[in-house]
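Heads up, there are several structures right after this.
Presented sequentially are two complexes of chain A, the first with chain B as partner and the second with chain C.
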Partner chain A sequence: MENAKTGMKAKRLRGEIIRYITLFGICLIVLFPIYWMIITSFKPAGELFASDQTFFPQNFTLQYYIDPIDGVVSSGSPFIGFFLNSMIVASVSMIICLVIGSLAAYSLARFELRINKNDRLSFAILTARMLPPIVVIVPMYLIMQSLGLLNTHWAMIIVYTGFNLPFVVWMMKAFFQEIPPDLEESAMVDGDSRMKAFYKIVLPLAAPGLVATSIFTLILTWNEFLFAMFLLNSADMMTLPPGIATYITQYETNWGELTAAATLAV
Partner chain B sequence: MNLTIKDGEFLVLLGPSGCGKSTALRMLAGLEDPSSGEIYIGHQPVTDMDPKERDISMVFQSYALYPHMSVYENITYPLKIRKTPKAERKKKADEIADILEIGDLLNRKPRALSGGQRQRVALGRSLIRQPNVFLMDEPLSNLDAKLRVHMRGEIKRLHSELGITSLYVTHDQTEAMTMADRIAIMEGGHLQQLAQPNEIYHKPANKYIGGFIGSPAMNMVSGYWKTKEGKIDLDAFVWDIDREWQEILEKQLSGENMYLGIRPEDVEVSASPISEGIEAEVYVVEPLGKEMIAIMKVGDHTITAIVEPDMPLDMNQKVWLTFNSNKVHVFDGSTEKKVV
Partner chain C sequence: MSTQREVGKTDPNQHPRMTKKTKKSIFKHKHMLPYWLILPTLLLIGLLTIVPLGYSIYVSFQDFDTFGNPAGFTGSNYADVLTSGTYWNSMGITFAYTFGVVAIEMFLGLVLALLVSKDSKVMGYLRWVLIIPMMVSPLVVGIIFRLMLNADMGIANYMLSAIGLPEINFLGTSLNAFLSIMLVDIWQWTPMCFLIILAGLQSLPQDPYEAARLDGASKLQVLRDITLPLLKPIIVVALVIRTMDALRMFDQVFVLTQGGPGRATEVISFLMYRVAMRFSDFGYAAAGLFILLVFTILLSYIMVRTLNRNQKEGGV
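Coming up: the complex of A and B.
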């Protein structure tokens, strides 16, 4: 009996060890490029292309972090500008997404369409995410051109809002469905309008969902490269992903600056 | 459905689940739109009004306390919406907390309360602004049996103190019988009977109500009315009836099919033979302490009776049943309406 127990314990322990080793291995593979990016950003130019690469910079330098602030950048691309552009585009589109998306999600969660086709409507909303972005990039370019919005923040905000809304609607719908309708009905009987009950009772209860959703949309927008690359063409409008890509020029790649910018962007 | 609630009355809407009683309540609250018909509160038509314009309050089955607010904030929420000054809110909350004995819970969150306490908070939130109409949707069904009996009394007491017109929805006939000024029984979306509890019990309008109200349930025996012979044929036995009854049955019954309803407490059981008694066999006895329930077989019929707790009855023993013809209910076989 005692033996069987220790046998079980040993077996479980072995399982644990194998699991952690596997996880560690996966982490190593996933995190290594990021680690390499970070140490590269601290290596002086000479070390970057040295024949014997080291896992830690021999001569530590902050040059690539300080230079952009002083404006002395070889490629002439202002990192801070990219950063601000990304912030503006990501946060504005996130706010619009949350406002429109949570209202849409609430109505889908609570009301039945007269024709009883709520599921189809939800699905239709999701179809906006089904095309790969590259497919719609040319039409999108032409639309923005005819609206006169090429190379503006608004173009990016509109595109990102459109692309992220389905996610927001679907995520928030699930959160709202978890909240018992009795609560807002009670608030309405107590004297609130439907809108006020939503704002004062339902939204505070869905706060964790709102936070999760906003982080999610923020990450999606922050990392988006393709649309930003096509719809923005001057350096003073660019967001981080295409901005950082400008460090790769026709003749050389400014690895130091690129990795420093990328490290900050992450 | 046509239903008028008197001012200050405590009306209970009673029916099995799915009979439409909650829907009726929600329509009155404005949470659901009636497909047709009109709703008035006082003399004011409210059919197209939003819930907030109707000056009603409601206790939900789930209590629907706002989880992110403290008990105090929950109770005063209706006042806050109406922009009542802070000092007055505090005063009223203290009053209500006193009545409901929840004064020491005001700073807690709903999740830290027991079922009975939540129930009181929900009541407090509904009562704090003295609404025109007070609606309750099965407010006691989530409580344990002992607490339910206690809160039943409390709610009745509160109603008599505050005198607010109340509509109470339940599927529990004991709650309905004990609390109501009048009971409205609903089934299949229709109002079956609207009367005082005693009248419902002693004069059920139809076979459904007869069987629904009362525990143990009314004995319901199907039979035939033999016009020519002036007798009721109940398969296992034939019942001779007097002239007066014969005339009534003749006039009222739509066919020869009928049901005979007898309450268990109106059945007399005798262990020794009685000449006009009906011979039966004891099937099972269930002692309850203060009384005993005896279930007997007469042919294919099962008859339940309430007897003295010390009556010596064994299974399969032969007994003789009698009943007072004044206490017998007769229901029409096809319309199921009460005839006598």
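Coming up: the complex of A and C.
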């Protein structure tokens, strides 16, 4: 009996060891590419192309980080501009999304809408998220062109707001549904209007949900490349992803600048 | 307690404390309010999805001259697309790629989720590490791998030769380039499958496991007969999301191969980008994308249907 038990224990221990070794290996695979990017951005030009690759730069250089900020880049335009453009587009569209989206989410979570029998409307909204954006990219380009919005931040803000809204509505709806309605009702009994109760009681309670949702929308917007590539073509207006892509030219790739910009973008 | 929980749902009629009178004053008096609240969202989503979609059908029947100006109606765009070898080549690549990466990512995601499903502090940290790739911009991921897979100065070949293996021209030949693109996608998006499946695993009911343990079922049996069937709905979700995303993959191809060598990695979104932006043939691109949409919808419908039916027949 004792023997069998220790045998089992040894077997389980071996299993655990194998599990941790596997996981450690996987973490290496996950982290190495990111490590390599960061390291490359610190390597001086001579080391970049050396036949002996090193896993740690022999001489640190901050050159690639300083240059883009001064706007002295061999190709393309200053990194700081891309960064600001991304900030503007991402934050404005996030705010619009959260305001409009949480109102709609509140409406769906609390009221029985005649147009929302069996949650049909909610699913229609979700379907809009499932639509591959690439399909509407050509009409979107032509529409923005005829509105004269090509190459403006507004074009990006409108597009990103539209694509993130369904997501925001669904997330916020779930969060609102977790808040018991009694709280608002007692506020309304005390004389507050529905909207005031929403603003004063429901929103603060849903704050964690708001934060989570805004982080998700920020990440999505920050990383979006395809629409930015289509709708923006002047370097002054570009957000980070297409901006970084300008570092890759037809003939040469400026690895130092590229990896520095990519590191900062992350 | 149970009534309390139901209150959280959309039905205000079930509220226990709400008498007929208050219901009237709150819900009837301002019965337009909820519609006003939801109106902006519906308007925006309508403007940004239904209008462009309708417009894209209109555009797909239009002829465009070489400067990208509309020049009359034509049905030839669809004929051009459907008879174009380039288009079907891209379709084939896109679907082969999608099936490949989604299958591998689902499998790896499931394995990873099972490996870290135990709750402990270390596992908590590990989960954070494992989802890092999906937070990085796909464009940046493309850049990293372009750097690492570079035939002359890339670290991948350096390591291969260091352990005595022949160097590989990762992006140079058709098959290698295709596999490299897949590799990049798997690196970046396995974490997403992992995350969704892990969330599913953690919300599974514990009772069947207790029963299985009492019956003395082996780990493999538990996995096959309990975990997988219970996970099916969540697996469908992950499958559909990943398939939709993989079908429109653009960034990695743009950075890594530009569709090359030749047209070996020219996925559909990249082909359409080329056609629309470089050759200003918007009609052709709109037609091509509309056909893609039809395929996408069909595919997701089939996926959901088959998996749902299996589940019913399985009768967990």
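Basically, the second predicted complex is superposed on the first by the 241 of 266 C-alpha atoms of A that agree within 3 Å, B and C clash if a C-alpha of one lies under 4 Å from a C-alpha of the other, contacts with A are read in each partner's own complex, and residues count from 1 in each chain.
The definition used in the following text is that a contact is a pair of C-beta atoms (placed from the backbone, for glycine too) under 8 Å apart; a residue touches a chain by one contact, two chains touch by 3 or more.
Because the structure is a prediction, the values reported are computed rather than measured.
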item: Contacts of A:S214 with chain B and chain C, given as first, second, both or neither; value: neither
item: First (chain B), second (chain C), both or neither touched by A:T246; value: neither
item: Touching partner for A:S91 - first (chain B), second (chain C), both, neither; value: neither
item: More chain A residues in contact [chain B versus chain C]; value: C
item: Partner chain in contact with A:L205 - chain B first, chain C second, else both or neither; value: first
item: Touching partner for A:G191 - first (chain B), second (chain C), both, neither; value: first
item: Partner chain in contact with A:N151 - chain B first, chain C second, else both or neither; value: neither
item: Which superposed partner A:D182 touches (first chain B, second chain C, both, neither); value: both
item: Chain A residues contacted in one complex by chain B, in the other by chain C; value: 180, 182, 185, 188, 194
item: For the chain B and chain A complex, residues of the former touching the latter; value: 29-31, 50-52, 56-58, 60-62, 64, 66-68, 77-78, 81-82, 125, 135
item: Residues on chain A engaged by chain B in the complex (per definition of touch); value: 180, 182-183, 185-194, 196, 201, 204-205
item: Residue numbers on chain A that touch chain C, as the complex places them; value: 19, 22-23, 26-27, 29-31, 33-34, 36-37, 40, 48-49, 53, 100-101, 103-104, 106-113, 116, 119, 121, 125, 128, 130-143, 158-159, 161-163, 165-166, 169, 177-182, 185, 188, 194-195, 219, 222-223, 225-226, 229-230, 240-241, 244-245, 248, 253, 255, 258-259, 262, 265-266
item: Chain C to chain A touching residues, read off their complex; value: 4, 7-13, 15, 17-18, 22, 26-27, 30, 33-35, 37-38, 40-42, 44-45, 47-49, 51-53, 55-56, 59, 112, 115-116, 126, 129-130, 132-133, 135-141, 143-148, 153, 155, 158, 187, 191, 240, 244, 247-248, 250-251, 254-255, 268-269, 272-273, 276-277, 282, 285-286, 289-290, 292-293, 296, 300
